[in-house]
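Both complexes shown next keep subunit A, but they swap its partner, so subunit B is in the first and subunit C is in the second.
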Partner chain A sequence: MSQTVFAPWNDPDETPLIRFKGVTKRFGGFTAIDDLTLDIYAREFFALLGPSGCGKTTLMRMLAGFENATEGTIELSGQNIAPIPPNKRAVNMMFQSYALFPHLSVWENIAFGLKRESTDKEAISARVEEMLRLTRLTKFAKRKPHQISGGQRQRVALARSLAKAPKLLLLDEPLGALDKKLREETQFELMDIQEKTGTTFVIVTHDQEEAMTVASRVAVMDEGRLVQVDTPDVIYEAPNSVYVADFIGDVNIIEGHATPEGERARIDWAEGQPPIWGTPRGAAGTGSGAGKVAFAIRPEKVAIAKEKPEGRRNLLEGQVIDIAYLGNSSTYHVKIADGRIFKAQTANTRRLVNRDITWEDRVWLSFTETAGVILEG
Partner chain B sequence: MKRFSWFNATSLTLGFAFLYLPMIILVIYSFNESKLVTVWAGFSTKWYGELFRDQEFLDAAWVTLQVAVFSSTIATVLGTMAATVLVRAGRFAGRTLFSGMIYAPLVMPEVITGLSLLLLFIGIGLDRGIFTIVLAHTTFAMCYVSVVVSSRLTSFDQALEEAALDLGCTPFQAFRLVTLPIIAPAVISGWLLAFTLSLDDLVIASFTTGPSATTLPIKIFSAVRLGVSPEINALSTLMIGIVTIGVITASLISKRAAVAQARDERAAARTA
Partner chain C sequence: MRKAFLIAVPYLWLLLLFLVPFLIVLKISLSDIALAIPPYTPTLDVSAGWQGIREFFAALDFENYVFLTTDDLYWKAYLSSLQIAGVSTLITLAVGYPIAYAMARAAPEWRPTLLMLVILPFWTSFLIRVYSWMGILSSEGVLNQLLMGLGLISEPLQILSTNIAVYIGIVYTYLPFMILPIYAALEKMDESLLEAAEDLGCSRLSAFWLVTVPLSKSGIIAGCFLVFIPAIGEFVIPSLLGGSNTLMIGKVLWEEFFSNRDWPVASAVAIILLLILIVPIVLFQRNEQKAREAEG
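Now for the complex of A and B:
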């Protein structure tokens, strides 16, 4: 089976489902969203990621119709949605608290939206049954929300918001109330349901792993602005700023002064220390590879060894200060020349007792010239 | 420490005696055979029979019932609306003033409320009768309803209403289909409270009534001035009964709703 890559954002002929055009939202003197422009395409699973208070929930509530933009326009299928009240939008929302109606059964909760637009009892009933099957809730149809578990309630909320087959489904921290194991299962379930129904999902989350797992594209937000909008792998491998690099996953950041030398750039970061060699990312448009820069490298891209490895230009010597044992991997905290801590992560392919590196050991850290990214300082 | 000392027992007895002795005496004497209120002449229910043959009392009871039903119903609608606005509207200029003004009639002396309503009715040339008493009772009962309902609304998750809007409800439908069923216990206990308040009000009713409408409290008060009859005792006993049932029901309803809510929250916390 040939599979075309799903990337409508790279296709200039594709029209976006949602367009934010210069949207600003102020609450009194506080600017929640600051001149934001963003396109989201049909069938995308789009994640808004950021710390609390970054404006991601406000952005979502504007799509649902609970808030209006102070400036700028939001278009859904080419139509300005500002004058359309929430009950007239082809947009449904799954609330963080689920907001299930406590006086109605699971069945009635799911049927609630359908009953507002149709009186055809059989059609409603068929659709509710379909939703119950999709979310594996058939057994619980007659129960009240307080009689089912948190995971089941989450699925009722999802079924209810999907029942009207919206063009766009908004999910506000949908998995926040679930424990880790259930959350991971549910993430895959969400992706599965998103694919089956072909609905465009916009999810708000502060959990970067969740965003990386489910989303086709991730928007990292900070203080009402979009810092980077890209696919999860680009966000992780080629963050465009120290903020993104630091927010997503674990990272070592070294400030220094870069000088381009041929294809590579030489970064001088401490007196009397050998420079770090990196690759300027002209294509990604960030880091000209000159001047004051920050060099960011993920711990798992740093190799650790007791003997000095041959043939590598990027070498740092240090001493193991701490080891975080995570089961499948271990993170070594290594103190390097100027006293800073550098993290290196290795997969635990051998049993713990056979590990040759331990506390206080002198070690060598090494990485390739393309492993890290050079960011504007 | 001894929890039940003699001092405590005495205080308790005195306190409750102070509160309930007069009523107990009234109830006992309503079953008195003798026509003289202060002389006990054996048990009898004949005064209750007399009461139900007295057309004036029956008329007054009918007026009172009508006033109570209409005024408490209107007060419940208005009070619920006021509570919804005050809890939901969030911050707006003069919000504190508004909520203060809703509660002010609670502490306003009834004489003042009655007098000012009387002046208003005379001023706009409204004939005094059942209608004016209904208006007057609505005015003061509404505050009680709004207090009861707004305390329930503050713990109401606003996301529920947003969810209803999101699923295609108009704001009114959202209120009718989601908010109202959930806050119904508070609304019902507000109604019962308004009902009992209207039932036993004398001061405001006497200011705002006309010759055509005499409520039971007014009737009793004027009858007593001619001397206390055992019939009055019987009537008062019935009223005590009705009011007690009303108040107990109201508190049971709100208590049960609170218990059910706590149970749901516990269940939710357990399974979450």
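Now for the complex of A and C:
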């Protein structure tokens, strides 16, 4: 039995649910969104990721209807949404502060949106009960928001925004106020609910792990522009720029000069040092593998050993400066020939007492020719 | 020890400045009028010993309270006071809410200034401010001259010495007491609640009714009581701005006390007024407590 991969963005026949076409948003002299074009498809779990002030929240508020684009159009199901006020849009939002009505009970909060469009008491009641079950809040229906915990409030906010069965649900830093453990649990719950309801989710977050975990596609933003829009694995394994490589996860970056040699490219990065061998990404526009480049490699793809490994072309010798012990893994900070710090990460499959590498040791770092990516410098 | 002392201070204060005077007024209301100094009888003669104390209590009765029911002036004055206070409270709410709303929505750097402007009138004596209203509202006053100058009226309007002037005076005087609690409630309201309401399908107006008004409810109730309670017993405003047909219990009390020199009946009027006020005061306290609980 073959499972079809969910990737509507690769299907040219698929029409997107949301289309940003050349959207610019200015606040006075400040450009929050700069000529942005983006398609989001139905049933996607789409993450907008970036540092604070990159425009991701503005983008979301434009979808909700609280801001209007200065230039360009935003379409929802092929219809320009600019003239539609927020209360008429088939879009609901879960606010960062949750914005639960403090004077209403959990039940009434969830029913709030339903009561605005229908007077059928039984239908409303049935829908509220369904939402309470979905978010496991049935026990708390009669409580006021200040009588429940932060995690429960988060679920009320989610239930309330899902109650009207919107075409599109916007989540503004939905897990920001929760502690780490609860946040991780809730991420899976969110994915589960997204799958059950089949709603398109757009999530705004500055937490890259969160974006990687929940999203079908991630858009990395910087200063009002999209830097890269791709699936989490592509963003991580094949970032298209130093900015993305650096923003997502940990990375070693070495600048140098590349010369293509057959299938590989040779990168000269320091006088008197052996070159690094990488693989140019042929089809992709960037990283052609010639000229001034930046070579990026994740620490977990770098092997560390006390003995010089045989048969590897990419070899760096250095000295262990620091070891960051994270429990399940350790990150070694190794000073290489030109004084640069290179990070290597290994899984702690053996107990700590059996670890043979320690501070001040001379070590060899090695990696394969396909492990890193060559980025345009 | 220290703690007991700290608690004792406010209680002693209340005892001396509220409970003792109240007991004196209560005692006078149970006495009879007399042509003497003080103008009532009996007075407690401690030198007569136990016998004197017993005679003193035997002479007290509820005669003055019975008297209040026989003359319809009194209950009409109570009713009229309640009505004037009630109507003025509603007008104050209608005027004060938009002001408080605008203040809470103003840019944060403007709010202290606006708050100052609301409190500013307190810097002038209340009496002087009421007198200046006489200057504005009288037949030759500023308002009539302005309206005549604009050609809107040919004859001066009779506003001073009517109930309208009393309403204007009460609304003007007590407006800050309405604005401040409502402003306090609106100011701490999270703006994203209104966005959430809109997002869930409310129009601006229904978001106001369903979110803003309920969330400022405790402020509205507090403001209404802060206006209503003192307005019932108001004396200066009706006597200066009102006319001979303005009937308010504060005025009746004053006349009973100073014109008739009937201290016992005046005291009985005051005690009944206090009993009437206990109801709104208790309701006010309950509202404050509920508001505190909702915050906690």
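Here is the rule we go by: the second predicted complex is superposed on the first by the 375 of 377 C-alpha atoms of A that agree within 3 Å, B and C clash if a C-alpha of one lies under 4 Å from a C-alpha of the other, contacts with A are read in each partner's own complex, and residues count from 1 in each chain.
In this text, contacts are C-beta pairs under 8 Å (C-beta built on N, C-alpha and C of every residue); 3 or more make two chains touch, one makes a residue touch a chain.
Being a predicted model, the structure only gives us computed values, none of them experimental.
K.L.:
With subunit A superposed, do subunit B and subunit C clash or fit?
P.N.:
Because the two structures are overlaid on the shared chain, the partners are seen to clash.
K.L.:
Report for A:15: first if it touches subunit B alone, second if subunit C alone, otherwise both or neither.
P.N.:
neither
K.L.:
Should A:93 be classified as contacting the first partner (subunit B), the second (subunit C), both, or neither?
P.N.:
both
K.L.:
Could you say whether A:177 touches subunit B, subunit C, both of them, or neither, answering first, second, both or neither?
P.N.:
first
K.L.:
Of the two partner chains, subunit B (first) and subunit C (second), which one does A:125 touch, if any: first, second, both, or neither?
P.N.:
neither
K.L.:
Looking at the overlay, does A:149 come into contact with subunit B only (first), subunit C only (second), both, or neither?
P.N.:
first
K.L.:
Once the two structures are fitted together, what part of subunit A is touched by subunit B and by subunit C alike?
P.N.:
In subunit A, residues 64-66, 85-88, 91-93, 95-97, 99, 101-103, 112-113, 116-117, 146, 160-161, 164 are touched by subunit B and also by subunit C.
K.L.:
Spell out the part of subunit A that touches subunit C in their complex, as residue ranges.
P.N.:
64-66, 85-88, 91-93, 95-97, 99-103, 112-113, 116-117, 144, 146, 160-161, 164
K.L.:
In the complex of these two chains, what residues of subunit C are touching subunit A?
P.N.:
Touch list, subunit C to subunit A: 190, 192-193, 195-203, 206, 210-211, 214-215, 217, 294, 296.
K.L.:
Inside the complex, what are the residues of subunit A that reach subunit B?
P.N.:
Touching subunit B from subunit A are residues 64-66, 85-88, 91-93, 95-97, 99, 101-103, 112-113, 116-117, 146-150, 153, 160-161, 164, 177-178.
K.L.:
Using the touch rule from the top, collect the residues of subunit B that touch subunit A in their complex.
P.N.:
Listed in rising order, the residues of subunit B that touch subunit A are 157, 159-160, 162-170, 173, 177-178, 181-182, 263-264, 267-268, 271-272.
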